[in-house]
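Both complexes shown next keep chain A, but they swap its partner, so chain B is in the first and chain C is in the second.
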Partner chain A sequence: MLVNRKLILAHFWFAFAVFGVALTLGAWQMFIRSPIGTWLSNPELYYRSLTAHGTVMGYVFPTLVAMGLGYAISESALEQRLVGVRWAWAGFWLIVGGSIMAVIPIALGRASVLYTFYPPLIGNLFYYLGVVLVVVGSWIWVALMSINLRIWRKAHPGAPVPLAMFANVAGSYLWAWTAVGAALELLLQIIPVAAGLKATIDAGLARVFFSWTLHAIVYFWLMPTYIAYYTIVPRAIGGRVYSDNMARIAFILFLVVAMPIGMHHTFADPQVGAGFKFVHSAFTALVTLPTFLTVFTICASIEIAARLRGGRGMFGWIRVLPWDNPMMLALAFSFVMLGFGGAGGLINMSYQLDASIHNTQWITGHFHLIFGGAIVIMYFAIAYDLWPHLTGRELNDLRLIRTQLWLWFIGMIVTTFPWHWVGILGMPRRMAYFDFGDPAIAPQALSVTFSAIGGFILLASGILFLVILARGMRAPQAEAGAYRFAAAVHQSATVPVALNTHALWVALMIALTITNYGYPILTLATTEGTSVPAVYVGAQ
Partner chain B sequence: MSARDIFTFRNPHFTRGVGITAAILIVTAIVGFIVLPFAQPWVQFANVWDAICSAAGVPQRVAGVAAPEQSKRLSEVVLTSHTLSRPSQEAIGRGATLAQRCAICHGPTGLSRADSPNLAGQYAAVIYKELHDFRSGARTNAVMSPFAVNLTDQEIADLSDYYAYLPRLPAYHPTPQLPKPNIVIYGAPMRGIAPCGSCHGSLDNKTGSPWLEGQSEAYLKAQLQAFAAGERRNDISQQMRNIARAMTPEEIEQAAAYYASQPPDIVKAVD
Partner chain C sequence: MSAEETHHSADVAARVERRWATIFVIVIVMMAALAAFAGIHRATMPQPRVETTDPSRIHLSGEFVESNLGSVLEADGNVTVRAIGQQYSFTPACIVVPADTPITMRATSADVVHGILIQGTNINTMLVPGYVSEQLMRFTRIGDYLMPCQEFCSFGHEGMWGKVKVIDKSEFANRAKAGGRLSCVGE
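Up next is the complex of A and B:
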C-alpha cells in the first residue's frame, strides 16, 4: 500500500538528479587528471569539483535513497499509511535547502575542503550549515521510521516486524548515531572557526570525530542494498529468503559492529594510540561476518529460485536462473563488486597491509568499487523495481535496463581496477595533477587512461539510467499491484523478542562507541596545545 | 516483552549478546594494549601499566630531551585575524608619512626603479611579516635592516596598511608578457614543488606569501638563490627553501623572468 507516492518520488528524483550532476563532475575529474586531458593550470577548480562530487555522493544522494526507500517500506511492509507526512516533507525540503546552501559556496570556490572537511582547512560557513541541514533533515526521517514502527507494534502486539521494516529501522538508527561524530566535529570545532569565533582548530580531534562517522556511514549507504538483497531480489526472481532470522542477525550485527571501527581510517595519524587502532582493526574484521552471512543466505535464496525453476546438479542450477531479469543481473554484478571491494577492504583494515596503500589511489578505487559499484547498482535495481508502483506506469524496456546495468558494471571495473593498481605502485590520491611526462610515473599513464575511459562508461550508464526513469514517467499506465517483499521459506509466526526489537543492539552500539572512542576523544579534547591555526579556503 | 525483560540476564539473547561482545572487546584489548606492545622488542616498558598507557596514546613528555638550540634567528611573526583587519584612514595616513623614508628605493608610488620590490598593493600580511623579520634579524639586508630596527609594532602595522591600500600599478619597465613556463604552471610534483600560484596569489594565497607579478627579475632571482643557498631563512617551516633547493638554475631564471613580465592586475584570490 503505497499512498505517499509523491513523497517517495520526490526523494528519488532529487537523489538521482544530483547524482547525475555529481557523476558528470566525477567523469570530468577523471579526464582532466589523466594523460588524455590537458592540465587545467588551476588545481582549485579540480578541488571545487571534487568537493561537490563528494558532498553530493556522500551525503545527499544515498541519504535520500535510504529515506525514499524507507518511506516506501514503512507504507508497504507495515501496510499502514505513513504517520507524519508533513514532517517527512519538511525533512525533504531541509535536505533540498541544505544541498543548495552547501553547493553555492563550493561553486564560488569558497569551500574547496572536500567532503571529508579536512581541518585545519576551513571553508565558507554556509557550506557546513548546508551539510548540517541535510543531516537534520535525515534525522527527521529516523524519528518517523521509529514512530511508524511503534504505531504498528501497538496495533500488532507481539507480531514479528516485517524483515524489510526491521532492517530499515536498524539502518536509520545506525545513521542517527554515526552522524553524531561529524555533527560534533561541525558544531564544536569547525563551525565556530568558520564563523570567525575562533582562529585555531584541533585537527587531530576533528579527524577522530570524523572517523566515527566515516566508516559507519558506508554501512548506512549499504543498508538499502542489503534490504534489496534480502527482501526484493528473492521475490523478483521467484525465490524465497532462505532464513528470516539469519537476515535479522546480519542487520543486528551491522548495527553493533559497524560503529566502533572507524579508526582504521586514522592508522597513519599520530594522535591515536596504537592499542585503539588494533581494537578498531579487530572490530573491522568482525564486519565481514554479517557480509558473509548475507552472501551465504542470498546465494541459498537464489538457489531456491533456481531449483523451483527446475535447476539441477551442484552448480547446474546457476544456468537456469532468470538472467534476463534486471534484478538477477544487478545482484550478480553487485556481488562480484562486493567480493573484490570487500577483499580490498580487508587489506585496508589491516594495520601492516594498509601501510603500503594508505592514502593512495587504491583507497579511491576501493570505495568507488564498494559504494559506486556494489551499493549504487542496487540503488538502480531498487528504483527499477519500485518505479511502476510509484508512477502507476509500466517500465518494460528490460533490454535498455540490462544495458544500463552492464555498462555500470563494466564501467566500474574499468575505472576501479586500474585505480587499485596504480595505488599499489604508490600513486597518491587527492591530486589535481600528475606529470605523466616524468619517467618515474610515465608507466602509470596507461592505467590512468583506462580508468578515465571507465569514468565515461559510467557517465553513459548514469545518463541511460535517468533516461529510463524519465521515460517511465510517460509510459502507458498500468496497475502494478501491491508492492510486496520476499517471503521466507519458513515464515514463523513468532520471532525471538531480541530479533524483533532494536533496543538491546542500539545499547550495545552506543556502549562499544564509548569503549572504543571515549578515551581517545577525552584525551585529545583535554590536552592543551593541540590546536593549529585554521587555513581559510579562498580567503586572503 | 518490555524493555525491562530484554535488559536482564534471564533473557538468553541479552546474556549472549552482551557476553560475546564484552569477550571480544576484552580479548582485543588485552592483545592491543598488553600483548602487542611487549611484542615489539625495540621498545622497552617499565611495567604493564606503562605499556597500556603507551598503547592508549597517553600524552607523555619525553624526559631529558631538550629542543635543539637554534643558532640562527627564526621568524617569530604572529598574525591573528585582528592584527591588520579594517585599517583606519588615520593608520593609512600615518603609514604614508612613514613610507617617505622607503620611497628612495621602493618608489614614491610604491613602484621601484632600483630592483627593490614593488610594494604598491602588496598584501598587508607580507609587509607586516617582512618588516618584523628584518627588525628581529630573521631576515637580514644591509639596507633594510637598519631601517626596520627602530620601527615600532604600530609603525609596522601602519606601513603594511598603507602599502596594501595603494593601487597595484604596472611595473615601471614592463617587458612583453612571457608564456608560463612549466615550473610556474605545474610546479614539479615529483620534486615536491607546488605551482607558484598556489601560494603566491594567482591561484590562491597563503598568508605571508607575496604576489610576484611585475617584481624585478633580478630581485626575484636573487631571493630564490638565497633561499636555495640557505642564506635567507625567514620562510615558514622552510617552505621556500625546500622549493628553491629543488629548482634547477634554469627554472629559477624562467620563474623570475616570467613573473617580472606580468602585470600585477592579474593577481586573483584576494579581496
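Up next is the complex of A and C:
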C-alpha cells in the first residue's frame, strides 16, 4: 500500500539526478589526473570537483535513498499511511535547498575544503550551512520513522515489528546519532570561524569530532543495502529469510558497535593516544560480526530459494538460481565487492597494518569498492524493484538492467583494483596531478590509466541506469500490486522484547560513544594552546 | 510437513547459525588479541603520545626553529630528524639519514593539516598544527625515497613532494662531524 508515491519518487529522482552529476565529476577527475589526461593548468578546478563529488556522494545521495526507502517501508511493511507527510516534504525541500546552497560556493571556488572539511582550512559560510540544512532535513525523516512505528505499535500491542521497519528505524537512529559528531564540529568550531566570529580553531579536536561521524556514516549508507539483502532479495528470487531473529541481531549490532569505532581513522594522528586507538581498533573488529552473520544468513536464504527450485548437491544448487533476475545478479556482485572491500577494511582498521596504506590511493579504492560497489549496486536493485510500484508502470527491460549491473560491477573492479595497488606503492590521495615523468612514479602510470578507464565504464553504467528509470516513467501502465517483503522460514508469532524494540540498544549506543569518545574529546577541549589560526580558502 | 518436523528443522537452523556466530566471535577475539600482543611485545603501534606545540610561534623559539630543522647525530649513535610541513613544501625538502640506524622523526605543521608518507616504507603520519608527530624509523636500503604530503592541504597539495635520501652510515658520520643540522637540499 504505497500511498505517497510522489514523495518517494521525489526523493529517488533527486538522489539519482545528483548522483549522475557527481558520477560525471568523478569520471572527469579520474581522467584528468591520469597519464591519458592533459595537464590541468588550474589544479583548483580539480579540488572544486572533488569537493562537489564528495559532498553529493557522501551527504546527499545516500541520505535521500535511505529516506525514500524508509518512507516506502513505513507505508508498505506497516500497512499504514505515512503520518506527517507535510513534514516529510519539508525535510525533502530542506535537503534540496541545502544542496543548492552548498554547491554554489563550491562551484565558485569558495569552498574547496573537500567534504571532510579539514579545518583549519575554512571555506565559505554558506557551504557549511548548506550541509547543516541537509542534515536537519534528514533528521525530520528520523523523527517521522520513529513516530510512524510508535503509532503502529499502539495499534498492534506486542506484535513483532516487521523486520524491514525494525531495520529501517535502527538505521535512522544510527544516522541521527552519528551525524552529531560532524554537527558539533560544524556548530561549535567551523561555523563560528567561517562567520568571522572567531579566528582560531583546534584542528586536532575537529578531526576527532569528524571521526565520530566518518565511520558510522558508512553503516548508515549500508543500511538500505542490508535491508535489501534481508527483506527484498529472498522475496524477489523466490526464497525465504533463513532467520528473522539473526537478522534483527545483525541490525542491533550495527546500531550499537558501528558508532564507537571512528578513531581508527586517526591512527596516524598525533592528537590521540595509543590507548584509545587500540580500543577503537578492537571495536572495529567487532563490527565485522554483523557482516559475517549477514553473509551466512543471506547465503542460506538464497540456498533455500535454489532448493525450492529443485537445486541439489553441495554446490549444485548455485546453478539453478535465477541468474536472469536482476536482484540475484545485483546480490552476487554486491557480495563479491563486499568480500574484497571488507578484507581491505580489515587491513585499514588494523592497529599495525594501517600505517602502510593510510591516506594512500588504497583508501580511496577501498571505500569506492564498498560504497560505490557493494552498497550502490543494491541501491540500483532497490530502485528497479520499487519502480513499478511507484510509477504504476512496467519495468521489464531485464536485458538492459542486467547490462547496467554488469557494467557497474566490471567498472568498479577495473577502477578500484589498480587503485588499491598504487596505494600499496605509496601513491597519495587527493592530488590533482602526478608527474608520471618521474622515474619513481612512472611505474604507477599503467594502473592509474586502468582506473580512469574503469571510471568511464562506471559513467556509462550510471547513464544507462538513469535511462532505464526514465523509460520506466513512460512505459505502459500496469498495477504492480502490494509491495511485499520476504518472509522468514520459521516465522514465530512472538519476538523477544529485546529484538522488537530499540530503546535499550540506543541507550547502549550512546553509552559506548561516551566511554569511547568522552575522555579524548574532554582532554583535547581542555588542553590549552592547541587552537591555530584559520586559513581561508579562496581568499587569496 | 508436520508441526514436529518444522520444530526440528528450526532447531537445526538455530544450531548451525550459533556455530557460525561462535566461530566468528573467536576469529574477532583472536584478531584483537594478536594486535594487542604485537603492540605490547614488539612495540608496533601507532603514535602513542600526545604532545602540543604552538604553530604561530614555532619559527621563533623551541625545537622547530629553522636552525634546528634537519638531521642530527645524537651522542648515543641514534639520529633525530626534525621537519615541518607548510603550504606547499616540507622543510627540509630533502631529508638525509644513515642506513641501519634507529631514527626518530619529529615533525609538525606550520599552518594546515599535512601528512608525511615515505614511499616504499610504512612510515606514515599526519601533521596536525598544534601537535607534534613522532615516528620511529630504520632504513635498510640505501637510496632516494619520495615523500609526498598525503593529506589535502589546499590548492597546491599536488605539488608538495619531499625526498628522503638514505646514505651509508659512515658517510653520514663524516658529514655529521662538522656539527649543525644536516639535510640534502640542493644535492
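Please note the rule applied: the second predicted complex is superposed on the first by the 539 of 540 C-alpha atoms of A that agree within 3 Å, B and C clash if a C-alpha of one lies under 4 Å from a C-alpha of the other, contacts with A are read in each partner's own complex, and residues count from 1 in each chain.
Heads up, the rule we're going with is that a residue touches a chain if its C-beta (ideal position, glycine included) is under 8 Å from a C-beta of that chain, and two chains touch if they have at least 3 such contacts.
Small disclaimer: the values here were computed from a predicted structure and weren't measured.
Of the two partner chains placed by superposition, only chain B is touched by A:504; chain C is not.
After overlaying the two complexes on the shared chain, residue contacts for A:292 are found with chain C alone; chain B is out of touch.
In the superposition on chain A, A:314 contacts neither chain B nor chain C. Touching more residues of chain A than its counterpart among chain B and chain C is C. When the two complexes are overlaid on their common chain A, residue A:272 makes contact with chain B and with chain C alike. By the touch criterion defined above, A:482 lies against neither chain B nor chain C after alignment on the C-alpha atoms of chain A. In the superposed model, A:358 makes contact with chain C only, not with chain B. Of the two partner chains placed by superposition, A:493 touches none, neither chain B nor chain C.
Applying the stated contact rule after C-alpha superposition, one finds that A:429 touches chain C and leaves chain B untouched. By the touch criterion stated above, A:441 is placed in contact with chain B and with chain C alike. Touched by chain B in one complex and by chain C in the other are residues 43-44, 271-274, 277-278, 282, 286, 431, 433-434, 438, 440-441, 523, 527, 535 of chain A. Interface residues of chain A facing chain C in the complex, by the touch rule stated above, are 43-44, 46-47, 112, 114, 118, 120-121, 202-204, 207, 242-243, 246, 266-274, 277-278, 281-282, 285-286, 288-289, 292-293, 296-297, 300, 346, 350-352, 354-356, 358-360, 425-426, 428-434, 438, 440-441, 489-490, 523, 527, 529-533, 535, 537. Residues of chain B that touch chain A in their complex: 1, 3, 5-7, 11, 13-14, 17-18, 21, 24-25, 28-29, 31-33, 36-37, 52, 54-59, 80-81, 123, 180, 185-186, 188-190, 195, 198, 203-207, 269-271.
The residues of chain C lying in touch with chain A in their complex are 6, 9-10, 13-14, 17, 20-21, 24-25, 27-28, 31-32, 35-36, 38-39, 44-52, 54-56, 87, 108, 111-113, 115, 117-134, 144, 146, 148-159.
Taken together, the chain A residues at the contact with chain B in this complex read 39, 41-44, 196, 199, 256, 271-279, 282-283, 286, 431, 433-435, 438, 440-441, 496-499, 501, 503-505, 507-508, 511-512, 515, 519-520, 523, 527, 535, 538, 540.
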